[in-house]
Every structure is written in structure tokens, then in C-alpha cells.
């Protein structure tokens, strides 16, 4: 059974490091991203990858309550996406209203 | 038996991480915003499912497995809704949408 | 595991640098949100799940939402204007004296920052190494919290036992910090226009357009989020979590409900009056319960609160009701912050 | 365990509870509840003072069922009793004497939030005075900062938001430095409570193992608290913060809020590090030099000011310089003089800010010197109060200012020779500068204005008896501090001996 | 005792983040950047505090099936302090954001120097 645990351990560590590299790539995407949508999508996928990392860590460190953290992240990234999209569409609609008023004048 | 189970779990988790890597690769590769958003959303949800299945196989059945299923269930309900919201925001605010993809006005469907 | 920690730490420093040098405000807020996402992975690695949950719910969740709304109210989201300066400032900035002072100020601040970093680095190099057991703070104080936490406070989670029973005065001050910050935000952002017509027009403007897809999914997810918030709240003394994070999750659930169903439906069960009543009742119960336990403790009287047996939910004396009170206060305050920032009223 | 030992705990809880209740009350009820709570707290602190004077020992009050290094605890002695009584008395007087002005400045719907901020401010002041635990002190320092920021911005004008934001940025830098010093201190000593931390610190100093980190921790903590209390180089937020808020708010802010952080610094010096280590470390000289420079520069800026409220705010920059100079002397009498100056400055500054409100009421609400000419005749009690306050600041005998300058001089005698010369010179120069701008203002308000502007109405004290009565009480407090100075100085010395 | 600088990475990162946050709070002209700098500074201090509590090879301070031997768990005191600190920094940044909104509504700029110049122009 001994070699099984460190086999699992190396598997988990390798996976976590790959996902960490992916997170850094997502960060660069969110910095470069020309449009607001890229930024929201990048943060959303950083959130999902954090969920996966914490899930793997919780199985690796044998602590069941870390899975609550993953569930919280799922909720938080969902609420953040809703708020951001509502805000951006609201801002865009106001801009259009201003332009239409300017054209009427 | 133990080695067999480890192999299956490893395969599932590697596929999951591969999906995520393809999502990130897709985000950099595609030219139009909607394509980038599409790859990120689908691959994320699928990658999450595969990794979670791998973890469940690794951990065996118990409370952790139940929690992971709840997480996947929650994500499979909220993921598409958030992608829908982002896509609708993109469509309604992108002025130069025509040359990115042909858009049928509501009337012409 | 070693190099994984390194990748995350380098990621943190990268985020901090990106934030300070990025021109666009929305980019810096988005990067700051991913900064606190990664910070909570580091809390997991440092074996403190309580912090991971609180940072996730309170730090990453509510702070980022408040930042987004502030950016909207400031108009920094839509238009790509970095920092447009009106003509007087440009004229003033072009004067040589101001430019010279600007350079001096920038140089002084950077040297001050570098000096502080250097002093602290010198300090850190003398601190005990990372993670070794025989450091000065691993003494009888933390031993007793671990050994006696079950029999003295009844809490399985030693951190919650320490917060709500051993060092309860700090946490009482803590909920007063949240209460007074909510009062200040009320002073600033609540606009009490007396004429009801203007208020009606304004309410109409903020009513979100009803979107069936979001509403159907909110019908499923809103009860799930509230249920999960109550689970974290009630299990505060058994598993990590407790009042603050449970309350923040319920606050996030309320924010989801407002965004999906609009203010009119939410006002049916949660408006300004319920906010005031819930906060005052919860905080005054907290105040009375804690003064009772302080008074009996100081005068060595026997406080007749049963501790119950360790494992189940109704145990550990006052900790459960206190967690519920703190949870209610935090949930109402987070929702109040959201509505005050967005609309200036419940 | 006689019942009186609960009084410090009762006073903190009463203020917090009344603060929580005021959030639902209306403006008028909130004011009465707040004034009732503050007067009860004054009586309770006076009883604590008398009790500790009889038993002549500082008692420890366990907050909760667990003894020292595990649970929180409050420690009350003679010094804490004196400070608590004087602070709550000054808060009560400044509330009562300017409540009509507060009602004019603040919208009716937000009046109860003002009294909520005052309640929680007093409870955090008392908690900082009484606490024996470093992290509790940090939490209540945060409550103090947010309450003070709320008080600065309560008038909802453009200027007050700018002043409040500047205050918040500077004091958050201060509390950030204080927090990192606190966490490094915890890393070194392993204790958060002050008394066990002192033994651990004594062991560290004896073995000289962490010599460099102890010095860095001390520097971080004292710079953090110096920024928050507005010592000279970090004082830029002070003039705007004090001069733009309502009358009783600026009296409370300038008199009490910045003093709480200095008391916390003295507590850390006495109870965590011990005076002997302080004398050897060079750190105190830094504070001493900053104090001296603050005394001179504060008074110079005050002379150049045209607005009377900003002038008084700059003069409190100079007074904070006095206090840090007293601490920097590093001698027992130096601390006694510093604490006495805290009491003197709290009483006189609050008096000055309240009387300025009376003067500006009768001169068309403007605060510039030309309009204030002859205001002393129009509002008799405010003119007398302002004159008494300025003479006490300048250092007229029989008033508390003279006694504190005398205490500083005697304390300087027993300090190291270099410091003696510097202190005496700077003391003399700053007294002269004080005299210049205070006497100048007293002269302007008492020179009869050439043409009597019609719209300046004369104020008769029978219209608002409360205002005149509380101004009288303020003047009496100043005279009491000056005349009965010897018993008060003995109390402070006994308090400081048992403070360690 | 000299240099275990290279051993404890977390403390070094915490100190660097504290420096970055501190200079941001002091140097940035834009108010939103200042508030983000404040948040970075606070999280850096909490990282430093929580790193001191960590002990290699021990579990989180949740007593597993009644076995209360302290050498199994890490030190719970720092995580208690940081829990309080996180909520303090959330309430402070909410207050600062509200102030920024009111300042922007009044002066239509986020640059602190411009705001202070407008205030001086307004006179007493």
C-alpha cells in the first residue's frame, strides 16, 4: 500500500502544477484581453480551476471540509458573473440612450 | 486491483486537465470573442466533471464523493446560465458583430 | 508540493505588480479578484480551512462585487478613458516646480517602500524557519486551546472555540466594526428623498429586466445557496466556517435573488425595516449573551449553560446561537452594502 | 470580588449597547439615550477612580471564564480611572454644549447615526484605555478609526468627504504598520496579552537572541501609532479633518481620538517592552526629535492660517509634538508630564472648538478673522470661554497650560544633558509662538467692530441655558486642572508606578 | 539564526506584497488603486501572521474523533486573528469605496490631488 500513496501523491502534485500554470495563462489572457468579455471569461475559468485545485488538495490532504470551499467558489463566481454582466449591459444601454439623445438634438 | 483503480483515476484526471488545457489554448488561439468564450465555457464544465470522477474513483464512495457530485451538479446548472449571460452581453454590446459571425435578425428566422 | 507553493507565491506577486501598473480600472479589479482566489488556495495549503472559507466568501465574493458596482457608479467600466485630466490640472502639472516635486514625491515614496521591504526582509531572515515546531509561539497558550477546547467550550473546531469563547471580546469588537462600517455607508449612500414620485421613478430605473433563463436557474440555485449558507453557519463549531462565512454566503444568495427577481419581489421579504430589526435584535442578543458569560466568568459564578456532548449540532453552549447572530448580521450587512452601493436604498 | 470591579466592563458594554439601540431610535430619542449613557459612564469611571485610589493597586478583570494568557482581560488602575473619567466628562460636555449646532448641520434622518458613532467612539476609547491585550487593542483602534472617519464626513459636504478620505488613507497606513508590528511581536514572544508578553520579551532581551527584530517591531509600532495620532511629519490630514466637521465632533476628534493612540503607545512601552530597554534603544530619540520639530512647525503653520478653526487644528499638531517630546525624554517625570499634557490638551482644545462655534454663530457663520472682530461682545460666554482657553494654551499661571510647561521643564532637568538644552530652548520658542497667534485672536474678538454689521444678532445666554452652563463647566474644569494640579500630578505618578 | 531567508518563502512573499501594497496606497493617485493597494497590504500581513502558525506535517486545528494531543495540530491562534482581520479589511474597503462614490459624484474625478485642489479653491 506504501508505494500507492506516494504514486497518488506524485500524480496529484503533477496535476496541480499543470493547473497552476494554466491559471497563470488565464491571468495573462485576462490582462491582454481586448474586450470586457475576455476578462470575465478568464476570471470565470480561473474560478473553475481553483475549484479543481482545491478538490484535488482536499483529497490529497484527507480533509473533507475543504470541499465546502469549492462549493463556495462555484457560487461566488456565478454571482460575480451575473453582477458583472448586468452592470456592463446597464452601462452600455445608458451610453446608447445618451448617444440617441445627442443625435436628436 | 489497487494499481488498476489508480490507472483509471489517473486517466480520468489527466483527461480533465487536458480539457482545461485545451480550453486555455482555445482562449488564446481563436480570433473572435464568441469562439473564445465558447471553448472556455464548454471545456471548463467538462474538465471539471472528468477530474471530479477521477477523484471519486480515487477516494471511493463516502461523504466526499457526495459533496463532489453536489459541486458538479451545481456547476452544471450555473455554468451554462453564466455563459448564456456573458454571450448575451457580448452580442448586445458588440457593435462590429456582423463581420464576426452572420447574425439572423429575429424576424428572418 | 514545494514547487507548487512557489508557483502560487510568484503568481501572487505577479498579480500585485499587474494591478499596480495596469491602466484600466476594470482590469485591476478583475486581477485583484483572481489574487484573492489564489490567496485562498494558499490558506488551504497552510492548513487553515477557516481562513480559506472566509477569504472565499467574504474576501473574494463580496469585495469584488462591491468593487464592480463602484466602477459602474464611477463610470469607469464602459468608456475606455484612463484618467482624463481637465485643463487646469494639465496646466498645473506642466509647471517645472510641480513636475520636480512630483518626481521627488515619487522617489521618496518608492525609497520609503523599499526601506520598509528591506527592514522586514532583514526581520524575516531572523525569524524561525517555516513550519518547524520549536518556535516561541508554539507554547502553552496554543496547547491549552487544542487540549481543553472540547471539554471547556464544547467546540470540535478549536479555532471557533478560541474565537467565540476564549477570546470572545475580540469577536464582539469585530461584529461592532462591521456594524459601524454599515452605519457609515448608510450615512454616505442612503439618499432619503422626501418626494415619493422621484423615488418611484428611481426604483423603476433600477428594476432589472426580467430574464426567464436566469429566473428559472435562480429558482433552483437560490434555495441551494441559502441551504448551504445555513449549513456552514450551523456547523461553525464542528467544521470550519461559522458566522462570518455563512453570513456572507447567505448575503451572496440574497444578491443573486435581487439580480434575478428584482427589488419588488425581494422587498416583500427583506426591506429597510427588516434589515434594521434583524441587525439590532441579533447584535443585542450577542451583547447580552456575551456580557452574561463575561460577568459570570469574572465573578467566578457558575454559568449554567450546558455544553452538550461534543459531536452533535446542538452542543458547545453559547457558540451556536452566537454563530447564528453573527451570521444574520453579516448576511444583512452584505446585502445592505450591495443595495446601498447600487441604488442608495433597500 | 467586590461589585465595583465590574464597573470598567459595565461602562464599555453600556456604551456599545446604547450604540446598537440608537440605530433604530429617532434623532431626539437617540440624543437623550446617548447623553444618559455617557453620564452613567462618567459616574462609573469616577467610582473606579475612587476605588483604585483606596486600594492603591490596579486590579485585573477576567473577560470570561479563562485566566490570563488564554482569555481576554481588562486591567484598571488609577491612571486608567483618571483618563476614563476626564475623557467621558469632556465628551459629555462637548455633546451638551453644541447639540443645537449638530441638529442644524446634520439631516434629520441621519441624526441618530451621529449619536451611534459617538457611542461606539466612547466605547472604543474606554476599551483602548482599559484593555490588557494587544489584538483587542487593534480591533478597538479600528472601531475608533472608522467612527472618527464617520464623524468627519457627517456633514455631507464636498470638503468633508475629501478630509475623511485623506484621514482614512493615512490612518490605515498607520494601523497597517501597527498590525505588522503586532504580528511580528506575537511571532517573537508567542503571547498577545501584555503581561506574559513582558516576561517573554524580558527573556529575549536578556539572551539578546532576537536583538534586531525587537528593534524593528518597536519602530514599526511606534511609527504606526505616531501616524495615527498625527505627529509632525505625518500630520497633513489633521487640519482638514478637525476644521470641517460639526462643532462637538471636531471637539471630540481633536481632544480625545488622537490621545487614545498615544495612551496605547505608553501602555506598550510600560507593559510590553519595559522602560529600561526603551532608554537604551535609540528609538525614543527619534520620537523626541519629531516632537520638537512638531512643536515649532505646528505653531508656525498656525500663525499663517487665516481661518480660526484651521489655526486651532494646527495648534493641536504642536500640542501632539509636546506630548511626544515628553515621551521621548525617556524619564519617569517625562511620562507624567506627557499624561498631564494629554489631560490639559483634551480639556482646552474641546473648549476652544466649542467656543469658536459660538463666536462664528454670531458673526454670520464665517470663520475668518475680519468677520470675527468684536464677536466677544456679541456672544459673551463664548468670548470668555475662548479667552480662558487661549490663556491656558499660552501658559498663564493658575491655568493647566502653565503646570504642564512647568512639568516638562522639570522632567527635562533629569534627562540627559543634550536633551535638557534642546527642550528648554524649544519650550520657550514654542510658548512665544503660541502667545503670538492666540493673543492675536483674543485681541481681534475683543476689538469692537467699527461698523456694526446689521445681520450679526446679539446672543443672549437665556435663549440656550444649556450652552452657557456647559461652557461654564468647561472653564471650571480648566481651572480645576490648573489649581488642583498637585493632587492630579500625584495621582498620575502613582498610576504610572502601578501601570507597568 | 542569520539567514533562513531562503527557507520561508511565504514570509518573504508576504513582506514583498506588504511593500507593494504600501507603496500603492501611498503613491497611486487613483482612489480605486489606493483601495486595492490597501487590500493587498492587509492580505500580506495576514499571510505573514498565518505562516507563523503553520507547523510542518500537522493537521488543521479540528479535533478528529476526540484525540486532543496538541502535537497533531497546528497553532490555532493566528487563524483566529486573521479571521477577525479579514472582516475588518472588508468593512474598511466598503467604507472607502462609498467615500470614493460620493467624491466622484461631487468632483467628477478620481485623482486625489485634483480633489484636494478643488477643496482649497472652495476656500473656508
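As written, the chain order gives the labels A, B, C, D and E, with residue 1 at the start of each chain.
Simple rule for what comes next: a contact is a pair of C-beta atoms (placed from the backbone, for glycine too) under 8 Å apart; a residue touches a chain by one contact, two chains touch by 3 or more.
Only a predicted model underlies this, so the values are computations on that prediction, with no experimental measurement involved.
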item: Chains touching both subunit B and subunit D, listed by label; value: C
item: Reaching subunit D from subunit C through chains that touch each other, fewest steps; value: 1
item: Most distant chain from subunit D by Cα centroid; value: B
item: Chains most often in contact, by C-beta pairs; value: C-E
item: Centroid spacing, where centroids are CA-atom means, of subunit D and subunit E in whole angstrom; value: 28
item: Averaged-CA centre spacing for the pair subunit E and subunit B, given as whole angstrom; value: 33
item: Rounded Å distance, subunit A centre to subunit E centre (Cα mean); value: 22
item: Between subunit C and subunit E, centroid-to-centroid distance (C-alpha), Å; value: 12
item: Overlap residues in subunit D, where contacts from two or more other chains coincide; value: 135, 139, 142, 146, 149, 153, 156, 180, 184, 186-187
item: For subunit C, residues that touch 2 or more chains besides their own; value: 47, 49, 71, 120, 123, 126-128, 135, 137-138, 141, 145, 167, 170, 174, 177, 180-181, 184, 188, 214, 221, 239-240
item: For subunit B, residues contacting two or more additional chains; value: 74, 78, 81, 85
item: Chain-chain contacts as defined at top; value: A-B, A-C, A-E, B-C, C-D, C-E, D-E
item: Subunit A-facing residues of subunit C, complex; value: 1, 3-4, 7-8, 11, 14-15, 18, 22, 26-27, 30-31, 33-34, 37-38, 40-41, 44-45, 47, 49, 52-53, 56-57, 60-61, 64-65, 68-69, 71-72, 75, 77-79, 208, 214, 221, 225, 228, 232, 239-241, 245, 249, 252-253, 255-256, 259-260
item: Sites on subunit B touched by subunit C in the complex; value: 74, 77-78, 81, 84-85
item: Parts of subunit E lying in touch with subunit D, wherever the complex brings them together; value: 1, 18, 21-22, 25-26, 31, 34, 38, 41-42, 45, 48-49, 52, 77-78, 81, 84-85, 88, 91-92, 95-96, 99-100, 102-103, 106-107, 112, 115-116, 118-119, 122, 124
item: Subunit E-touching residues of subunit C, taken from the complex the two chains share; value: 5-6, 9, 12-13, 16-17, 19-20, 25, 28-29, 32, 35-36, 39, 42-43, 46-51, 54-55, 58-59, 62-63, 66-67, 70-71, 73-74, 76, 83, 85-86, 88-89, 92, 106, 109-110, 112-114, 116-117, 120-121, 123-133, 135, 137-138, 141-143, 145-150, 156-159, 162-163, 167, 170-171, 174, 177-178, 180-182, 184-185, 188-189, 239-240, 242, 244, 310, 330, 337, 340-341
item: Contact footprint of subunit C on subunit D as seen in their complex; value: 1, 5-6, 9, 13, 16-17, 19-21, 23-24, 61-66, 69-72, 107, 109-110, 113, 116-117, 120, 123-124, 127, 133, 135-136, 139-140, 142-143, 146-147, 149-150, 153-154, 156, 180, 184, 186-191, 196, 200, 210, 212-213, 216-217, 219
